[in-house]
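Lettered A, B, C and D in written order, each chain numbered from 1.
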Amino acid sequence: MASVTVVHRIELRSDNAAGVAPEVLAAVAAADHGSAMAYGGDQLTGRLHELVTETFGATTVSVWPVSTGTAANSLALAAMCPPWGAVLCHESAHILRNEGGATSMFTGGAVMRGVAGPHARIDPEALRAAIADTTPGDPHHSQPRVLSLTCPSDMGTVYTPEQVATLASVARSHGLRVHLDGARLANAIVADGVTPAALTVGAGLDVFSLGSIKNGGMSADAIVCLDPSLDEELLYRTKRAGHVASKMRYASAQLIAHLTDGLWLRLAERANTAMAVLVGGLSAEGVEFVETPAANMAFLRAETPLADALDLAGLDFYRISDTVIRFVTSWQTSDDDARDAAARWARASASVAR
Amino acid sequence: MASVTVVHRIELRSDNAAGVAPEVLAAVAAADHGSAMAYGGDQLTGRLHELVTETFGATTVSVWPVSTGTAANSLALAAMCPPWGAVLCHESAHILRNEGGATSMFTGGAVMRGVAGPHARIDPEALRAAIADTTPGDPHHSQPRVLSLTCPSDMGTVYTPEQVATLASVARSHGLRVHLDGARLANAIVADGVTPAALTVGAGLDVFSLGSIKNGGMSADAIVCLDPSLDEELLYRTKRAGHVASKMRYASAQLIAHLTDGLWLRLAERANTAMAVLVGGLSAEGVEFVETPAANMAFLRAETPLADALDLAGLDFYRISDTVIRFVTSWQTSDDDARDAAARWARASASVAR
Amino acid sequence: MASVTVVHRIELRSDNAAGVAPEVLAAVAAADHGSAMAYGGDQLTGRLHELVTETFGATTVSVWPVSTGTAANSLALAAMCPPWGAVLCHESAHILRNEGGATSMFTGGAVMRGVAGPHARIDPEALRAAIADTTPGDPHHSQPRVLSLTCPSDMGTVYTPEQVATLASVARSHGLRVHLDGARLANAIVADGVTPAALTVGAGLDVFSLGSIKNGGMSADAIVCLDPSLDEELLYRTKRAGHVASKMRYASAQLIAHLTDGLWLRLAERANTAMAVLVGGLSAEGVEFVETPAANMAFLRAETPLADALDLAGLDFYRISDTVIRFVTSWQTSDDDARDAAARWARASASVAR
Amino acid sequence: MASVTVVHRIELRSDNAAGVAPEVLAAVAAADHGSAMAYGGDQLTGRLHELVTETFGATTVSVWPVSTGTAANSLALAAMCPPWGAVLCHESAHILRNEGGATSMFTGGAVMRGVAGPHARIDPEALRAAIADTTPGDPHHSQPRVLSLTCPSDMGTVYTPEQVATLASVARSHGLRVHLDGARLANAIVADGVTPAALTVGAGLDVFSLGSIKNGGMSADAIVCLDPSLDEELLYRTKRAGHVASKMRYASAQLIAHLTDGLWLRLAERANTAMAVLVGGLSAEGVEFVETPAANMAFLRAETPLADALDLAGLDFYRISDTVIRFVTSWQTSDDDARDAAARWARASASVAR
């Protein structure tokens, strides 16, 4: 293995490790002229509301820039779910497994319950069963009040708009509101080949997280709310959570740049394409995927010796367990990097097999 | 009044309305090269820890960048105060009156109690009385566990290091921890003419908020913790509050730029000096101040007709009540603006008197 | 002082220190036959609902037995006030000063704000000012959402129905709900000489605490809710607070006994009368009252030497400060005890004066 | 089926539906003499502390009477687990499935995680895996801080002291505290044939719920704390939850009666024996049990037609699903009732089979 020459390390740990798109950085700099009303009273934040409305084809929409995806998800869910309620989500959902109990805190003790389903997607029958498992009106049991979908899922798969609509319909028929964790929403839209409206407004969501940071943004994600009855809750809850930036124009500028002229979709397309190239290369090597990658995230079988060899070969990635590793591409991952990564896998794999 | 010619409006609403210092913007752009470990595992965040340690002359310190001053205060207080505790602060404190109950939420129901004192500073005797008012060990009463000082205060006055030390000593002798809301910390340090260490580490604080945003920063304030026993609480509480930025390097870069070569003190000096010029000009006009301005904030007596005339004269400011208005200068307020504002006051006042 | 012969100590510490009325104890024993559906599905709890409806002349009412007055107040307020709201109450209110922050906890961080007023009663103008002090829709400030009155107050005074109605009207006109802490409700009704309906339903309350324990009960107070839209909140919140007794029939039996044939009013009348006798005797001695006692509670001026002498003379009472003590009579305080207590005061006072 | 003559209905719904043991009722009446210090300052509560210490052979112990088992569990867990922690319990645990999210509320958003294991007992390997599943110090994940065991389990099985000790040892070696939900503790002690000390203090618990209500008590369960460092948390948390009875003597009297002369164990023995008689009779009929009943609770296979026939035959019970029903015996269930119930099953089963 000593003969492997590493020209540079290839970043596959996370799209969070990537930099900021030039257009976004430029927008931050451009926002910096003169003074502006604080706490969202500025012109850029006003423009952001218009742009989101246009982008998602919604008639009523409110937009709440916050500084992380965790904030976007948990504050939205706190506005949607009473303290004595339960949020149903997939067993692998980020809100259940990776946000440190943020939703339980912000809701005042609501419970998150994992629902099963293949390919990290909730199965409609499992959803019906999970809802039926709780007797309505019985205070012994936290009452299901919100369905939260993650798209792309934490395993790199996506829902189609039809799949979202089906689940939303089941939820709504039992009085649950519908939330979507869209930390990588653009990657899902591109993967599905649909319009932004189709996967959100058209699929029956009440609220969704609009991710920007993982997709070439810097420090602004947003809650997008399609149900005006929740606006009052969001107004007060975002503030008391410390998520209303005083100089909000710099956050709004990032989100505006993202949505302008489809930049967010192009950035996502770049990441998804790089993953497709990588997956193509790896498939040719017989690599086994835990799930077929649909967007910009792949989970692959790799025992520790192989993982060590990949590390030595200059790949940066996360080890999920002793047998599974994760690759994530970003808007900064070039096709050359993707091809190179596959080639390095081939060499590393061969070296381990020796 | 029609003869008043307004060349430009003068921004005196808030230092939050000001822009970002060029050095801070440049640092954000400079942080944008290559990829970096997310969630604070990057080199810049490591450098920030060193720089804060140097700046405040502390031996043990931890730094937690967050996106707002509300987050900095309330998460720090939640780490310091049990749910059944009480936070003592001045009756005019920002945490009591302007953060939407953030501290009560993040603590799980701790109570904030206002303590009196002239010039928006807690009186040591009033502090002793407030502590004595609660029977230790009696669960009918939320137990005082934290003293929180605001410096500069919400009325624009400051504590000296000696005043902080006296209050901290009273608090500590009764088992209370000591917090300082330093949303405008640099303005206080400059006003006091002391070192950063003197007003913080040297005065006996356990934790303080290090404000940057109001002082030419963009989107990063920080919690600075001098008590290592609180680090575990801060680690988990900042994350589940959605206040651990994934691309933290861009926040840390802002704070580093702020602290490097004394930029933060120079920016604060600019704001304070502009206020001094403004106060000088207004005093010559016989304007009455609610408190003598010590830093970059002034509260002035102005009936509604005068306030209307000031508005017409091109001054932007906040109306606190029917008789009081607030002027805040920032790093962007020039001495010329300050002089011009005083001149416009004179003309507006004369026009009202007619 | 050694010549004072104490036949027995007279209990004036609290009506909580008194025993249980025989009718209540008998009802508990009588409830103990056969088995009964748990968690309020029993016949006695059903009967309680009817009896409360009759007693208060309400058309829609729900009743929630809980085990303490703190639970009754704080769970009701949690159902009435959003986490980002504020509960306005008198500066001396029990919920503000004596419940360990229960309301802040159960609401998820709502804030309690004290409002001034003479005789421990909120002044309508002060209420208007407190409401006006918060800008509606400004998330920097916890929004007033509930007015909570305490009757009798923590200083032993009472509101008339007209006074309650006036305050309720002010509250309602600004969108606040109205709560009454009736831990000693019967004592107030008797003191006012009105019907139970007049001070509650008729005065414009939404929810009130129906105290029983301090008035000859054992372990059951209740939340009485006149606004059906709050029932769902109360259903789930009482349960998850651990305040839905599995063998609820024993709690409901206590409350039924209390309300049957006016027992609760007779018990309160006994306590109030004993206080009147005591006050008459003390007034003849020139004792100074902090407030004129209206129900069964008195606050009196007594320096420490006198308080010591009263203790030695066989009176049990609470010391509020170095100069004020509190006497509370209960349904078990006889007129003879009241006269005796006054006589002992006279002797103790004389001994101190020597 | 019309020929079935029902002499009386047999109560098998819950031990909560049973009445109160005569000794307990008598103790409540006997507690009612004279006045007594409120909030636990009375002599009976003092005596309760001594008696619990003797009963469990502990050197340091504190006892906190509360009014429900939900309160006992959730307040204990809130004292034991930080808001950012996780409580590990069996997938079928009462705290996870039947307390309306009480623990998530009182902890300020801690998470409950179900761990698998046959016979409703946590498997030590599954516990190790659940702990290992969370990276220590990674704030993305709620950190396991408490192991909570339920004994008897919600399926009617029990842990032996050795099994508890093994799990406690695993927990402790990873820094977790150990809690036991003993809502039916006496039934488990009797089933195990061990001393009270063996299953609690001797098995390595930190805190346990001491159930009384389901076992012939009326309105008092208790938290028993063996770790003095938690006492301060319990002092304040019980009060602000409204679970410190003002007339605590009536609660303490119930618990004293329960523990005096082994009454609690005799009551539990009665319930367990009745279940054994019932199980014996049913087994002879070939009835299938979901788990082998160890204490006073049985889960049995019964399709809806059979369940309907059992109802018609005069048995009161709960239907868990379309195929499973639950029988619970209490201290009031006679052996004759148990035999009769089995006989009625036989007849009902035969009628359905026809």
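Here is the rule we use: contacts are C-beta pairs under 8 Å (C-beta built on N, C-alpha and C of every residue); 3 or more make two chains touch, one makes a residue touch a chain.
These figures come from a predicted structure and were not determined experimentally.
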item: Chain labels contacting chain B and also chain C; value: A, D
item: Reference chain B; chain at largest CA-centroid distance; value: D
item: Between chain B and chain D, centroid-to-centroid distance (C-alpha), Å; value: 52
item: Intercentroid distance (Cα basis), chain D paired with chain C, Å; value: 34
item: Residues within chain A bordering two or more other chains; value: 83-84, 99-102, 105, 108-109, 139-140, 236, 239-240, 244
item: Chain C contact footprint on chain B (complex, rising order); value: 83-84, 86, 97-102, 104-112, 139-142
item: Residue numbers on chain B that touch chain D, as the complex places them; value: 82-84, 108-109, 137, 139-140, 143, 233, 235-240, 244
item: Complex interface listing, chain A residues touching chain B; value: 11, 13-14, 16-20, 25, 28-29, 32-39, 66-72, 74-75, 99-102, 105, 213-214, 218-219, 236, 239-247, 250-251, 316, 330, 332
